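Chain nomenclature is as follows: A, B and C, assigned in order of appearance, with residue numbering initiated at 1 for each chain independently.
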Amino acid sequence: MVDWRLYEPLINFARKRSMWIVAFCTGCGGIEMPPLMTSRYDLERFGMMPNPAPRMADLFLITGYVTPKTLKRIIITYEMQPDPKYVLAHGSCPLNGGIYWDAYNAIKHLDKYIPVDVAIAGCMPRPEAVMDGIKKIMDLIETGKADGWKRYKENYEYYKKNQDELFGEGWREKTARRWIPWLMGREKKREEE
Amino acid sequence: MNELLIIIFAPLLGGVLAWALNVRGIRELLGVAGAAVPLAYLVKLYSELDASGQLSHSIDFAGFTFSFSLTHLTWVFAMIAGVVGLASTIAMVSTSRDGYEWLFALMSLTGAYGVFLSFDLLGFFIFWELMTVGSFMMVLKYSRSAGLKYFVLSVVGAFAMFLAIAKIYALSGSFAFPDVANAVYYAMGRGDLALVFGLFLVAFGVKAGMFPLHVWAPDAYSETNQSYTAMFSGVLSKTGVYGFILIYMLIGYRLMVEFGAFRSAPKFGYIIAFLGGLTIIVGGLLAALQEDIRKLFAYSSISQIGYILVAFGVGTSLSIEAGIYHAISHALFKGLFFLIVATIIYRTGKTTFADMGGLAEKMPFTFAMAFVAILSLAGIPPMAGFVSKWLIFEAVISQNLPILGGMVFFGSAIGFVYLIRFTYAVWFGQRPTDLDDTKDAPLPLAVAMAILAIPNIVFGIAPGLVVKELNKIFGGEIVTSPTLWELNLGFGRYNGLLILVWLIVGLLIAAVIYFLGAPVRKVPVTDTYQSGNPVTMEYNLTIRRNFFLPLKEALAFWLRISFDKLYRDIGAWVEDFAEVMRNYVYNGNVQSYAWYLALILLILAMWGV
Amino acid sequence: MIETALKALFILLYATFVGFMFMGIIRIVTARIHRRVGPPIYQPILDTIKLLSKKSNITHGLIYDFGILYAVGATILAVMFIPLGSIGVLRAYGDLILITFLLEIPMLGIMFAAMSSGNPYAGIGAQRALLTLLAIQVPLGFAIVALAEFYGTFSTYEIVMAQQTMGWSIFHFPLLLAAIAYDLVLQAMFGKEPFDIMIAPGEISLGPMVEFGGKHMGLLQIQHAIALFAETLFFANIFLGGGVVTAFSSSILNTIAGLAVLLVKQVAVLLIATFMGAIFPRFTIDQAAKFYWKWPTIIAALGAVLASL
């Protein structure tokens, strides 16, 4: 069909300048998002928008610490995003646990479970730091080095193994089924009323 | 034997034979033949009719002369009966249970043919009753209460018609339509005229399902063999619609002279049109709130009939032509819808939306037919439903009737609303696991659906075909149709072919962009965004009940007003009154009856009899 | 034949381009009202390129794909019927009722696609979109009725021509009422606040759009651009006098001037909607329905009755 390589610079420019963010605030860093999006720092200048639906989003901001419970949702949401997709880890916690380094219930190394393209250190990183990270990821996209989504595909066994080690095999169904008795009970209660 | 009599009595004959023999295989053959023969004769008679303009036949029976006549108008209506009747009977091959259904279904078809072809009031009335009895028996077999409700309202309608006919006969001394029209025009008084109009309005309004006489229809349409409902809603309700044309033919001129006009519509017509507009709104809103497929389409059928009544009420030749066009397309798409419902019920055995979902993958052919029907009913160009609605819009609005115009606009939106509810709940979304091995439509139903689906498309793309016939009814170029594809009203134009071509062009452009993109990967319904939560098939992902809950809440005040309840209350009062009479008057005591007799004799004696 | 094809191609490209610019204008103006800088005006084009060039796409079945194609196709069909200055492919058949229906059909395609995904958010979004449609249909219907009765014709092109001699529609009192009602309806047709409950981003994750991604969403962006163009164009034609310029001797200059006049009018319509959208919060669905069934309906019905006298 058409040889799209010719248009690759244009497409990369579009990808770089139109990153839609999954509006999923996983931790305390979510509070840094409002100033970023509103008139003080105005990320929309770079074509970035918070987007509630992951199917059409590109950039996943992991804003702060990740617990196993959140990680399940992060993985599911991440897998829903269409390629190419990018992950920006935000703050120290996704890197090494940060102040939760000895907590029983925090993920110490996020990049064992999903590939991270750019990480911003700090607790919390200021909006300027986040914008610096975004600048970095834009550069990576333009040069084609933001290849986390490729790595996830190529090394899927590795990530899957780590995920299964943490949650146990078949954790998706198990998590889903966990709520069914509760839902059914609510249904029953509603019918009784 | 005359062709007209064959057309009328062939279905009955087929039905009686099917019932009498009652052998599986033969009875189906006889029944379908009974519905096919009249259609064949109608097609055959077309050229003859075209040459002479009218075919008549009359027989003498029991001291009365029954005359039958095939004109362009009756040919159109008879063709509706023929095509929808044939499709419906073919579908009944799959869904009918025994000879009983064949007998009464075909009996009502005979009644409908008779109503359309009769050229005198007596024959009209007799065939009307035959049709009512046939359909009543069909409903009675499935549900006693729905059947009785239908019967009671039909009896009210029949009495109204009987009184009106008696009134007319007393005046004219004849039943034949020309004599009646003459006598009414020259000799009927103002009061009598209003009375006859009111009685006819009730009589035909009941059959057509006009608000507030529609209450029988939701129950009767849903509580019977759904293949038969295609005929019930497609053909039998059209007899009521035909009755409204008869009002125009018989007493219309006189009514116009006597009562004058409101704006440019005749006053009596405005009553019909306004009731029709209310029918659209009430039927449509109630259809959106139903939880049962059959009920949804029953109410939707009522709503669509409202359009026809609006068009007839406006009373110009353009609007009546638009109304007849909508009668045709209504018969086509609503017949198709009920066949689709029949297929769904036949294959799944379920009727409520709560039990369904995701059937589009399992029943692709039926879904394609449903798609055609949805587009047609919702009035999506280029489908037959759009052309007829468009004609009605133009006819109503061009007569400077803004309120009616607003009503029909509202009707088209509410059509969208309930159709999407049907589409969502039945065809799309998550499929309950017990429907996983549902099969597509059986052959007879598929054939029947195809028979009705093809004209839905053809009459939308080539409206000239229909309009040419309809113009003949009025004997002039009401709607000019320069080519087969085009309609021209002078103040508005429609071209079905151009719309089709450009829609295809648009789809092609979209498809080119689509196929240039990366290939797609099919994902299961559970791979869906649920705020990041994993889901399995045990979750309910579809809104199955109370889909339009906000609408229900917004309309809560109006929904409390129910004519059904009013009639039930009246029924209960009558029952109570009868109880009182039984306790105190007709108490079974011979002595008291003797007293009554004496009392009456005394009164008579005092009167000096 | 070739001339028609060229005209159609021009209309299509122009509508898409201007539509994208309109989307950009909406975003910039909203940003400026928020005291932000806002994205560049060509941002929607970049978004669309990015979405179309996604390397993986998902589908939930045939209808999921076809609904989108149908929406785009129907929008292209609709824009062909609306007179664009002195350029017109099908404007002779540009019947008011037909265009009103055609402008609603794309939503049907989107709803089909959204609902076939089986997502509950899409289901509830479809429900809200339909109820909004039901709500706006009443004032919309009366406004169209008022127009048709005032001019005695249903042809959009003839209405435009009549306005050249009689003055713009909005200078006649009954049609001014209709125009006010139609403008309020336009707010919901654009999906702007306060009537954007159907896509409510925060609450139901964009409602019908939740499952669309990649090229499906890209096509929907194109559809949205053309629809935005078509809706503003329709309004500019029927209420604001259209774009007929006969001042120059050259027909090409006249055409260009006509397009420019239309563009100004369209942007005016767009800006009103954007201003309203930027300052209002969101109505719930029952509030929206009650609003539409009250004031706009009364205004439009009054206009229709006055126009028919």
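Worth pointing out:
The rule is short, and it goes like this: a residue touches a chain if its C-beta (ideal position, glycine included) is under 8 Å from a C-beta of that chain, and two chains touch if they have at least 3 such contacts.
Because the structure is a prediction, the values reported are computed rather than measured.
When chain pairs are compared by contacting C-beta pairs, B-C ranks highest.
Ranked by distance of CA centroids from chain B, the top chain is A. Separating the CA-averaged centres of chain A and chain C is a span of 35 Å. Chain centres here are Cα averages; for chain A and chain B they lie 56 Å apart.
Counting partner chains per residue, chain B shows two or more touched chains at residues 516, 527, 529, 531.
Contacts with at least two other chains are made by residues 53-55 of chain A.
Of all residues in chain C, those touching 2 or more other chains are 53-58, 205, 210-211, 214, listed in ascending order. Within the complex formed with chain B, the chain C residues making contact are 8, 12, 52-61, 63, 65, 68-70, 72-77, 80, 89-90, 92-93, 95-98, 101-102, 104-105, 108, 111-112, 115-121, 123-124, 126-128, 130-131, 133-134, 137-138, 140-142, 144-146, 148-149, 152-155, 205, 210-211, 214-215, 218-219, 222, 285-286, 289-290, 301, 304-305, 307-308. Here chain B touches chain A in the complex through residues 516, 527, 529, 531-536, 538-539, going by the rule given at the top.
Across the interface of their complex, chain B is touched by residues 1-2, 24, 53-55, 72-74, 76-77, 80, 172-173, 175-177, 179-180, 183 of chain A.
Against chain A, the residues of chain C that register as touching in their complex are 27, 31, 34-40, 43, 46-47, 49-51, 53-58, 201-202, 205-206, 209-214, 217.
Across the complex, chain C is touched by residues 4, 10-11, 13-15, 17-18, 20, 23, 38-39, 42, 44-47, 51-58, 81-84 of chain A.
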